[in-house]
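Note that the chains take the letters A, B, C, D and E in the order they are written out, and that residue 1 is the start of every chain.
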Amino acid sequence: MTVDLGPLWLTVKLAAVTTVLLMLFAMPFSWWLAHTRSRWKPAIEAVTALPLVLPPTVLGFYLLILMSPNSTLGGAWVSMTGDTLTFSFTGLVIASMIYSLPFAVQPLQAAFEQAGLRAVEAARTLGAGPIDRFWSVALPMARRGLLTAAILTFAHTIGEFGVVLMVGGNIPGETKVISIAIYEHVETIRYAEAHVLSAILMVFSFMVLLVVYVSNRQGQVSLR
Amino acid sequence: MTVDLGPLWLTVKLAAVTTVLLMLFAMPFSWWLAHTRSRWKPAIEAVTALPLVLPPTVLGFYLLILMSPNSTLGGAWVSMTGDTLTFSFTGLVIASMIYSLPFAVQPLQAAFEQAGLRAVEAARTLGAGPIDRFWSVALPMARRGLLTAAILTFAHTIGEFGVVLMVGGNIPGETKVISIAIYEHVETIRYAEAHVLSAILMVFSFMVLLVVYVSNRQGQVSLR
Amino acid sequence: MNGSEGLFLTIRLARPGFNLSVLARLPPLGLTAVFGRSGAGKSTVLRAIAGLETEAQGEIRFNGTVWQAGQGRMPAHKRRIGYVFQDARLFPHMSVRRNLEYGLDRAPRQPGPTVEDVAALLGIGHLLDRRPATLSGGEAQRVAMGRAFLSRPQLLLMDEPLAALDQPRKAEILPYIEKLRDVAEIPILYVSHSVAEVARLANHIVLMEEGSVVLAGPAHTVMADPTAAPFFGVREAGVLIEATIVAHHADGLTELATRGGPLYLPHAGRAPGSVIRVRVLAQDVMIALRKPEGISALNVFPVTVTRIRDGDGPGVLVSLASGGLDLMARITKRSANALGLRPGLSCHAVLKTVAVDPSDIGAGADGPTG
Amino acid sequence: MNGSEGLFLTIRLARPGFNLSVLARLPPLGLTAVFGRSGAGKSTVLRAIAGLETEAQGEIRFNGTVWQAGQGRMPAHKRRIGYVFQDARLFPHMSVRRNLEYGLDRAPRQPGPTVEDVAALLGIGHLLDRRPATLSGGEAQRVAMGRAFLSRPQLLLMDEPLAALDQPRKAEILPYIEKLRDVAEIPILYVSHSVAEVARLANHIVLMEEGSVVLAGPAHTVMADPTAAPFFGVREAGVLIEATIVAHHADGLTELATRGGPLYLPHAGRAPGSVIRVRVLAQDVMIALRKPEGISALNVFPVTVTRIRDGDGPGVLVSLASGGLDLMARITKRSANALGLRPGLSCHAVLKTVAVDPSDIGAGADGPTG
Amino acid sequence: AVAANFAGAAEALARDYEALSGHDIVLTTGATGKLYAQVAQGAPFAIFLSADAKTPERLEAEGLAIADSRFTYAVGRLTIWSAAVGVIGADAAASLRDGGVRFIAIANPDLAPYGVAAREALQALGLWDEVQPRIVLGQNIGQVFSLADTGAAQAAFIATSALDAPGSAPRGSRFDVPQSLFSPILQDAVLLNAGKDNEAAEGFLDYLRSDAAKTTIRTFGYGLP
């Protein structure tokens, strides 16, 4: 029985890149959603949650259509970079970001809404511009929501493979993530390998999460 | 082309039952997690996020083993109810609850932590016992987190099928949910049916979410 | 006072850089003012009594019921207290009315003020349908007070309840607190930085410094204690005297009988025969060698100098006795020398009538305390 | 005063059941006290000036810069204000030190107090490494004040900054606020419910009621205005007089020259030659027909009765003139009748030396205002 | 329980059989491996129409299926297909070498018999090593079709049945791989324990072997043993 760990590292890389990029997008977007008075707000909120309701492979299917070289988007990407969006790591990241969008936006928006604007107002009077006070006050106060968003995105990207499989094409070393590998073992009735890989994945994820939660606890601040 | 809507209602029923039951469990559990001083807290938090990191089908595989009539749990269930846990609606609900656990616990816990205990302390001095003040003060103040938890759980149960497929066995009327139906259509290359079902699912989900968000907006309260 | 009546405290609580260690026995009736500088530990003591400081060690008994002893604690929500927090802590998701009703709904059914009564008293009747986030600072504080009043408490803990309010509003609310204290017979623990409030309301005073009680006792004793002077400030030194209302005169003056003779005050608002408490500040008392004539001051008492204490600065504090009545006068050293004051000297104490602020007239004696 | 200097406001803001409509021109230097009952709109005005009330309509100009006009608004963070909120609003995720540094880090580099200076002044030096959640109410308020002081503001907006503090602490902080006002020449808008604070600090007073300004003007004018009496309370009626320090005597008394003659006060703490402001309460002034002898009061001025006003209750307010000096005495009707007071009558005003509280001695005249 | 690739044909067969016999057939489709796991955990399936020969053999060996009930009901055929017209010509090898074919989708050989067949065919054409970097994998034949259909992969080895199901219009360009280039894709059926003594189940298995059924199976693009 050989256990190939390549997919594990690929998975971690994908999850990390997706999480970081998605957080960067979700932070200002959630902030805007939390405080906008636009009448479109509920509609935008509903759309944001939609990537969840389609089965992952089906969402992957539509993303595949969207990103294939024949489409406007995919074609533009090919002519810009010379590479296709599908079956590439970049494509995987984009697909994962879209699928995990609700996990990032929802908790962050909730945290921003709940924190209120009192301290942010104080920051305004102390000379902090919009971006400054977002980073120095709003975001740290919504820290717990940020953590939740990051954990859900990270864990979900590790575990989900429907979208990834479709858009990534399961190319070893390029787009074959560990969840696909485990899935394959289960499908081909090689349960021993599946158990080992699952155990590795679980232990690894547990360690990562534990480190995150322990350090969160240390940095914890009562916001009362 | 015939579009069978049976799976849609089954899906809605599953999502609704899962969401309600999971919320009932997650509310006290997240509250406890948010305020416990146990040294095991980070470990429990990490375990709570773990259902996410296993691929759904793989998680479903393990749940299948756990709930099969040959196992202790599944066997006990059979001798108690005369019915198997696997390939039944009840089994589906349990599996969905386990898989969606992180979506319910994480945002709720974040909301409880962020809300602080000031108002809850006031409720204590006003004669409200633990359960009373949880319902009358802590939970309403964590309302936005509750909403996030419910939406993520609901939407995710609608969309996810890996676990459900494994544990439920795709039995029409009993365990064949819409996501599986769409998935099947895509897999069996009946794209037209897949497009129609996807569109119905999206529009339906959008309407549900829109109603939720609009009513949330009306009931919204500045917590500052 | 029965041995088990009242509030008995031995609390210890250690925090980095701050140690609370309070031993106190408070009377079962009346208002006890907790006075002390910012950071002295006043709020912490109130929190411990309410059962909100889980780390507080020691013992707390109230009217014979053990609230805390060893590891045993009665849960906060069973203690039947009304707590007015230093910050209002309203429930943000409820209307003002629901906030007010919160404690009422959870209290045993027993007669007491209604939401409307309290709203009218506190001037928040027009706010009942509003959300706390839209209230001004003082409005929120009044709602918080109303919420505590309505919870049918057996002990009121009030942490600077009037600090955010204007003088006229204070003047409206103070009599109600007095009524709770005297008529409803609810003991009150009252944190305040205002000497005027304390002097008017307190039957008992506890002075705290750096987590410890430095002085505690009946209000008149503590207020007359020189140790307490730095807490109150020079301007606030004075005596509390008891007087009986004799008559209300047509020109608006009330005639009082004191142990030193008649005293004229602005209308005191109680029926003749009532015993009231009057605070006379040392700085409002002048000393004259001969009985002055042709001056606007109505209250002139023949007195004997009993003691002269030097203070910091240019003033001296002269204690005067007139029959059974003690007075204090704060005058300059220069005057004391010019007049040749010394213990035993007979002279006259001149007290401007209106120097006695109506808000310094408290109802009743500190009876329950003594 | 240059036409474009100072703060010019025309603000309108409608809320359900509350309409704010304020038109005011405030001096470019000195302290303007905003006084009014709870819910009058004081905090709302400060918030509008700071640029935090997005719904406020109208115009705001400060020292020639337009802060708001029509739809145009300068963002709050560019206004260089220091705002002390009614609730402290510290940043919960930062240490006290980082809170204090927050505004400083974002201000233009220019000389001014350091974190250590301000921490020492406010007595929060031992709290620098703590988190806001562990501070007492008064400690938090002091940190909030320090944070605003350190942000190198060009205008200070202070919303009841001292309400949560004890008297000794107030006495330490007040001189610093005076220094900011006079030495650093930062105009200050100061909301307070304490007449003593206002009387001591304010060069200019704005009285608000139900969203509107009912009276505004130099402090001495407003404080002497009968319209203002209900705001301040009877006990606080009085005059503000200007005096020059002549000498500090060995017995701790300071001799002042006023337009009505010499005045003796407890040590006033400024160099001879300085002009200071003294508040003399009407209730601290007695009237005698003949110059009294052998009494402890040092300050006796020959005066002429200029006006007698009846108040509610048993008192009358007697205006007195002595050369260029105006005084007010609050005495009983009975005394006024007994003495036969009428306008034009010559008599003596007796003022107990120590009746003038050191905290009522403000530095400087309200020069910039006048 | 029916392997996904046979779902369409199975539905048609079930419909015919129901009309013929009056029995009700409930179909459950899924990947072969998943169905195996479910059967092993006591799923109430009577018949298993696998996409391979190995799994039914294994079920039988493990005593989960009735001994000797196994038979081959269909043989899969393989087609190289592109959604675009003119990409795949008569010389399949040359077409696949063409630079326009950026990606070639095949089923995962580890998972699907069609994947093994595609690999064998590529090896037989002498292309396996050369096209290796351009290969993308689908989990099953349905996904492989999706990859090609969306144009993400310009060529794919799919089941002929995916193209030739009744009612589907011919599109793109194709090359049917000769049976000689790969070992036959045998799809076996087996009677499971739950179907023991089940008249309808046994009847359906018999029906599968009938000529009427064979015609239907052929129209769906399958070969026969």
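Operating definition for what follows: a contact is a pair of C-beta atoms (placed from the backbone, for glycine too) under 8 Å apart; a residue touches a chain by one contact, two chains touch by 3 or more.
Computed from a predicted model, the values in this text were never measured in an experiment.
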item: Labels of chains that are neighbours to subunit D and to subunit E; value: A
item: Shortest chain-hopping distance from subunit C out to subunit D; value: 1
item: Chain located farthest away, centre of subunit D as origin (C-alpha); value: E
item: Intercentroid distance (Cα basis), subunit D paired with subunit A, Å; value: 56
item: Whole-Å separation of chain centres (CA-atom averages), subunit B against subunit E; value: 35
item: Distance between chain centroids, defined by C-alpha means - subunit A, subunit C (Å); value: 60
item: Residues of subunit E engaged with two or more neighbouring chains; value: 34, 37, 143, 146
item: Where subunit D touches two or more other chains at once, by residue number; value: 87
item: Residue numbers of subunit A (touch at least two other chains); value: 57, 61, 118, 183, 186, 222-224
item: Chain-to-chain touches, reported pairwise for every pair that qualifies; value: A-B, A-D, A-E, B-C, B-E, C-D
item: Partner subunit A, residues of subunit D touching it in the complex; value: 50-52, 75-83, 85, 87, 89-94, 102-103, 106-107, 131, 133, 147-148, 151, 157
item: Residues on subunit A engaged by subunit D in the complex (per definition of touch); value: 118-119, 121-130, 132-133, 136-137, 140-141, 143, 221-224
item: Subunit A contact footprint on subunit B (complex, rising order); value: 41-43, 45-47, 49-50, 52-59, 61-62, 102-103, 106-107, 109-111, 113-118, 142, 144-145, 147-148, 151-152, 155-156, 158-162, 179-180, 182-183, 186-187, 194, 198, 201-202, 205-206, 209-210, 212-214, 216-217, 222-224
item: Parts of subunit A lying in touch with subunit E, wherever the complex brings them together; value: 57, 61, 64-65, 67-71, 74, 84, 86-87, 165-166, 169-171, 183-184, 186-189
item: Residue ranges of subunit D in contact with subunit C within the complex; value: 15, 17, 36-39, 43-44, 86-87, 123, 126, 134, 136-139, 142, 159-160, 163-169, 171, 193, 195, 230-235, 249, 251-253, 264, 266-267, 283-284, 286-290, 292-298, 313-315, 329-336, 339, 350, 352-355, 357, 359
